[in-house]
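Here the chain labels run A, B, C and D in written order, and each chain numbers its own residues starting at 1.
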Amino acid sequence: MGGSVFGTLFKVITFGESHGPGLGCVIDGCPAGLPLNAEDISRDLRRRRPGAGGASTSRAEEDEPEILSGVYEGRTLGTPIAVLVRNTGQRSADYDKLKDLYRPGHADWTWETKYGFRDHRGGGRSSARETLGRVAAGAVARVFLASRGIEIRAWTSSAAGIAAPRLFPVSEPQAADPAFDWDEIERNLLRMPGKAAAAKALEVLTEIAAQGDSAGCEVSCLVRNLPPGLGEPVFDKLDARIAGAMLSLGAAKGIEFGAGFAAALGRGSKLNDQPVPAGNRPPEWAAGLPPGVPAASWKSNNSGGVLGGLSTGQDLYFTVAFKPVPSIMKKQETINRRGEKEELAIQGRHDTCIAPRAVPVVEAMTALVLADLVLLDRCSRV
Amino acid sequence: MGGSVFGTLFKVITFGESHGPGLGCVIDGCPAGLPLNAEDISRDLRRRRPGAGGASTSRAEEDEPEILSGVYEGRTLGTPIAVLVRNTGQRSADYDKLKDLYRPGHADWTWETKYGFRDHRGGGRSSARETLGRVAAGAVARVFLASRGIEIRAWTSSAAGIAAPRLFPVSEPQAADPAFDWDEIERNLLRMPGKAAAAKALEVLTEIAAQGDSAGCEVSCLVRNLPPGLGEPVFDKLDARIAGAMLSLGAAKGIEFGAGFAAALGRGSKLNDQPVPAGNRPPEWAAGLPPGVPAASWKSNNSGGVLGGLSTGQDLYFTVAFKPVPSIMKKQETINRRGEKEELAIQGRHDTCIAPRAVPVVEAMTALVLADLVLLDRCSRV
Amino acid sequence: MGGSVFGTLFKVITFGESHGPGLGCVIDGCPAGLPLNAEDISRDLRRRRPGAGGASTSRAEEDEPEILSGVYEGRTLGTPIAVLVRNTGQRSADYDKLKDLYRPGHADWTWETKYGFRDHRGGGRSSARETLGRVAAGAVARVFLASRGIEIRAWTSSAAGIAAPRLFPVSEPQAADPAFDWDEIERNLLRMPGKAAAAKALEVLTEIAAQGDSAGCEVSCLVRNLPPGLGEPVFDKLDARIAGAMLSLGAAKGIEFGAGFAAALGRGSKLNDQPVPAGNRPPEWAAGLPPGVPAASWKSNNSGGVLGGLSTGQDLYFTVAFKPVPSIMKKQETINRRGEKEELAIQGRHDTCIAPRAVPVVEAMTALVLADLVLLDRCSRV
Amino acid sequence: MGGSVFGTLFKVITFGESHGPGLGCVIDGCPAGLPLNAEDISRDLRRRRPGAGGASTSRAEEDEPEILSGVYEGRTLGTPIAVLVRNTGQRSADYDKLKDLYRPGHADWTWETKYGFRDHRGGGRSSARETLGRVAAGAVARVFLASRGIEIRAWTSSAAGIAAPRLFPVSEPQAADPAFDWDEIERNLLRMPGKAAAAKALEVLTEIAAQGDSAGCEVSCLVRNLPPGLGEPVFDKLDARIAGAMLSLGAAKGIEFGAGFAAALGRGSKLNDQPVPAGNRPPEWAAGLPPGVPAASWKSNNSGGVLGGLSTGQDLYFTVAFKPVPSIMKKQETINRRGEKEELAIQGRHDTCIAPRAVPVVEAMTALVLADLVLLDRCSRV
């Protein structure tokens, strides 16, 4: 028990079921004096709302957050920040026929084996809607990180097998793609950093939706201006914490940092990122280095910005694999509450691919990890 | 700070530097009454020792554990179990010339940016030798899990790009390979489940070693007889905890569960594991299901044994990607403590590929996660 | 940071400022399947509301709780239980003149030294109103404990120096008072277990209030049907956890268990509680003892029901000392935000003595500790 | 489970049984760069060793600590600091006759109800010897605190009912006693701050020992140079954390801060500590106050240096009550493992009063709490 609390110092608890009265979060440990208002949170909540098009559900989720505590006169008090989003527009009746069935690829059955009991309406707390509390908390973490210049950007790197332009100049096997366009990400429905790829992927997804099927995707994330040394060896390393955070997302099936799985196939002489003198324009974080430690730059970033579990001062970079949305209209086999075989074709509003909505969630979880590690790092040295 | 403590109930702290007086662990939360002796721990420690052959270092590590507390008359007392392994045979002088250099691909520089200071001898606590405390603690966790019938097996699934026979019958893209041989794993130097693949990989590794280079690898892990419902939504899900544990290993660069990254390319209709009636011989765990919840079986295990972050009662299955060992004899660029460019060719005893030694470490970390989740699960229902 | 999270398994976070939008709690770790409704929570919230009479403030606090999550069809889901109480009827303007002053005996100045900033309205989160979230969470814990037969009762054992009849038969220095009347506790305004004492104390308090002054008090608490063995040595012992919980209450200045400070003056031969055979009617918990451990009874309970940090199976008994309410109408010296001397006479609605309102808060915190320890105890033995 | 871990950032785990191979601690979270050597730890360990005279046991405990990790070239590395003290000179056979008996006032029976099983030799982990790991860890915390000017001093304030001179100028009911002598504390066997009182108490204790009996005591503690604002509302307040730490000591039965239980009998107008301008020589901590917060002084320190759970910048002051040592030579009743009545007169080496040995333990636990709160406080403000 206790699985809904995240973090050591920037501590977050999320609460809420898909079709209950509301969802939200409480943050305990946000430092005092940070400028914060509801719009900071609304902005990210809007980004996780269903968009138009073939990719996302059309459920009207308004999701206006209310800050219940922890902020006074536009600044954080240092006390717990509670944020509430009321559930509205749920259609619980949609789920009545699922009450006695266990949906394939969903947590229905595993949940019951654990708790003996579940809120079947919309998946209860195993719903993707659960991420709303994470995004609200992550928005606060982002404000904190932004106050230190740290910037988090995620995007859809593949959807339904259609790859977006590739950003990262890993030395093998692939180089960066000039078609990668940061500005394009928030312009298209799939949050892909390339117009042509997005159009192609959307076309494929529309076809998949027409077949009553769904598709998987990958989301990549990059963090800029991260000072070196973040992470707490040996169990709370930067990559360990990010990996734990990402795999806590319902549909995540894998994660890789930097060269990732390709690194498992490579050689040390190619993969090692070799340090070089930092040059005439050292990064901003160089000013914060302990006495006697030189600034450094690197010839490559195969590590994805993490060495020995600590940030290197390069961009942090990782990619998360998400399985296809399990709710599909195609007929599937399952069992009912009596253990008997049944057939099931799920109706209703469901995303064909979660990529665009996963992007702000990946950003939010990244922010929660980093805010925690930034605070923990304050205690590294006497 | 506090990064050396792992787990909520089955809590472990590890300590020790590569060339300090000793390494070890303290386990707080192992239930009382478990039969345990030093040999239970020695067995796994021996498996992580360097073997012969091209793959592993030849440092003579004796690594005999001493149980300092928590066990009386062969049974655990319910009090902290401290285990100490003395360091012997370290040759600190080997590292003298590295004192003022930052090795590429190592944590030397990032460590100094965090702590201002490091024990340069053998990497100090960023050494792979740090995993010794994990393996000792994991051995205790395995005894606890074994007492409940839970069995953990890991193996090298690829080394230097040579793939071992593939175990897992994911519905796409690949089926299980009949050449997969459980008994072979502990027979060959690489811990590969196939004699021919192991021979081939060893050949390639020998060549790589001759070039002064190193290679990456993948380690897969399977857990049998895991009852369903283990995992604590939403942040301490089974896969989240496993991912966090694996990425806390120094060289790990990625992890995937079940179909993993392949799932990101697939369709829901293919990837969803469809439940079917459990049949005449339900698994043992069926007896522990809450009233009203039917036993279930599945047509596939693309999920890798985890749905909604909870174990499904199927085998848990995942694969971890490890980068090549960063210590190579080939000449590399780096900087020194004054920020000046230097060249470096690392001498001394170093593994060419960590695969065989990573296998018991992956098992140990899996055991630590599962022991914790088994205990946490005792509190799920009134 | 992170000071608003309490407990390991039955984990509670409270949030809210006195004059913000609302207060409440989130409980993460309440087992699934517990019958629970809003009235279970309202009941205890009503008991902490200001009563009539000289002892308590007359602020109209309605404090109706709303359960936002974690309960479905009248039973707990095993997911976080969020409870919200809206603030209504606050008169923030009452506090305007206190904005630049630091009230003696209050946290105004210390709070600013920590956070650099405070919500001065009603003390913000250092207000006694903060206990509302604790009482809401404690009410849920009580339902859980009641389902196991565990019963918690607190009462005012002294107010303004007037002692209530004494319950506990400690062998020295005092015996139980036959005037102690359980039924009287909830009948009088002071929650004293004796009508005459309550009348006398109320008389004294009325006089003190007329002088613009305030008074301290003691609250005692007794827990029945607690099975033996609760507590987690060595730092989370039953008494350690209770003491930490009680001293986290704003005005608490001390706690003692059983014979308490009197024990420091006594002899071992008098204070040791000597075990005796349990007799023909062993307590209910005897059925849960591990094999080979005999049931026991005792000739006295000077320990207050805790030995070696573990419950003994006798009644748990302790007393908490509370300082006088610091808000008084009498003129006091203080300083203002510029560090200059000022005089201050606090107007407005303030309790003369917190005893009656402290009673349900002491019960709530006791319940939170015990619910956590009951769950933790499930993992003591293989 | 998990009860042997203490602290959030300056995290300590202790291990070891009285008659096992050894005891010790691991500290995870001590900042890097702190000068530390074994003698820093030995010094406090020697102070908790049995002295001569009537008050303490004569068991020869050498208790030389070995630092196993976390320190390199005389400075802390930022990695876990493990300290081991071997058990030597235990006479396990002394305890053979106690194997089947439950000693009155000891944890023998409660321990068995929890764990089903115990190490009966010397009380196992419920022995006072368990505090050795605490003192070792506390010694490290003291070095950290001393580097910031924070100084902790404890002393015996009463033993066997004989009160030492009283230090603290609480406004009621008692003033400071001019006989209080800091230098005397470490000079006499009882660690009392007054020669005459110590002599008198020792005389009484000798008589009590001759009767085969034992006596209780009180230990007071004062912390100087504590900056204001330490403590984490609402559950990890300074006094809450100290109270939890003190009541985790085996024989502790109560604690009070500042005026303590006397405050429960007093009036607000007398007990409120009134702030006054800090004067021409503000304390050192005044330099660290946030902008706009004035330095303050107070007319009294009835609070014991804590307001709203935060340090006030005045001396922190509290007193702990300890019950008499339960092991006495006088005949007592008890039961055996079969639940039958037995008589028992405990032989062997036992303290008559734990006061002098409790003093360094109280200091150690205070240091552990404060080191943790000092680190946590680094995260209070943006």
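Keep this in mind: a contact is a pair of C-beta atoms (placed from the backbone, for glycine too) under 8 Å apart; a residue touches a chain by one contact, two chains touch by 3 or more.
Nothing here was measured: the structure is a model prediction, and the numbers come from that model.
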- From the centre of chain C, which chain's CA centre is farthest? B
- Item | Chain pair with more C-beta contacts, A-C versus A-D | A-C
- Task: List the centre-to-centre spacing of chain A and chain B in whole Å, with centres computed as mean CA coordinates.
- Result: 25
- Once you find the CA centre of chain A and the CA centre of chain C, what distance in Å lies between them? 40
- Query: When the centre of a chain is set as the mean of its C-alpha atoms, what distance in Å lies between chain A and chain D?
  - Reply: 46
- Set of chain A residues in contact with two or more other chains: 1-5, 8-9, 14, 29, 31-33, 78-79, 114-117, 125, 233, 375-376, 379-381
- Can you check the complex and tell me which residues of chain B touch chain C? 8-9, 29, 31-34, 76, 78-79, 144, 147, 233, 375-376, 378-382
- Note: in the complex, chain B contacts chain D through residues 1-5, 8-11, 13-17, 20-24, 26, 28-33, 66-70, 72, 75, 77-82, 84, 114-119, 124-125, 375
- Task: Spell out the part of chain B that touches chain A in their complex, as residue ranges.
- Result: 1-6, 8, 14, 102, 104-107, 109-117, 125-126, 130, 158, 160-161, 208, 212-218, 227-237, 239-248, 250, 252-261, 263-269, 271-278, 289-296, 299, 302-304, 307-313, 321-328, 330, 332-341, 376-377, 379-381
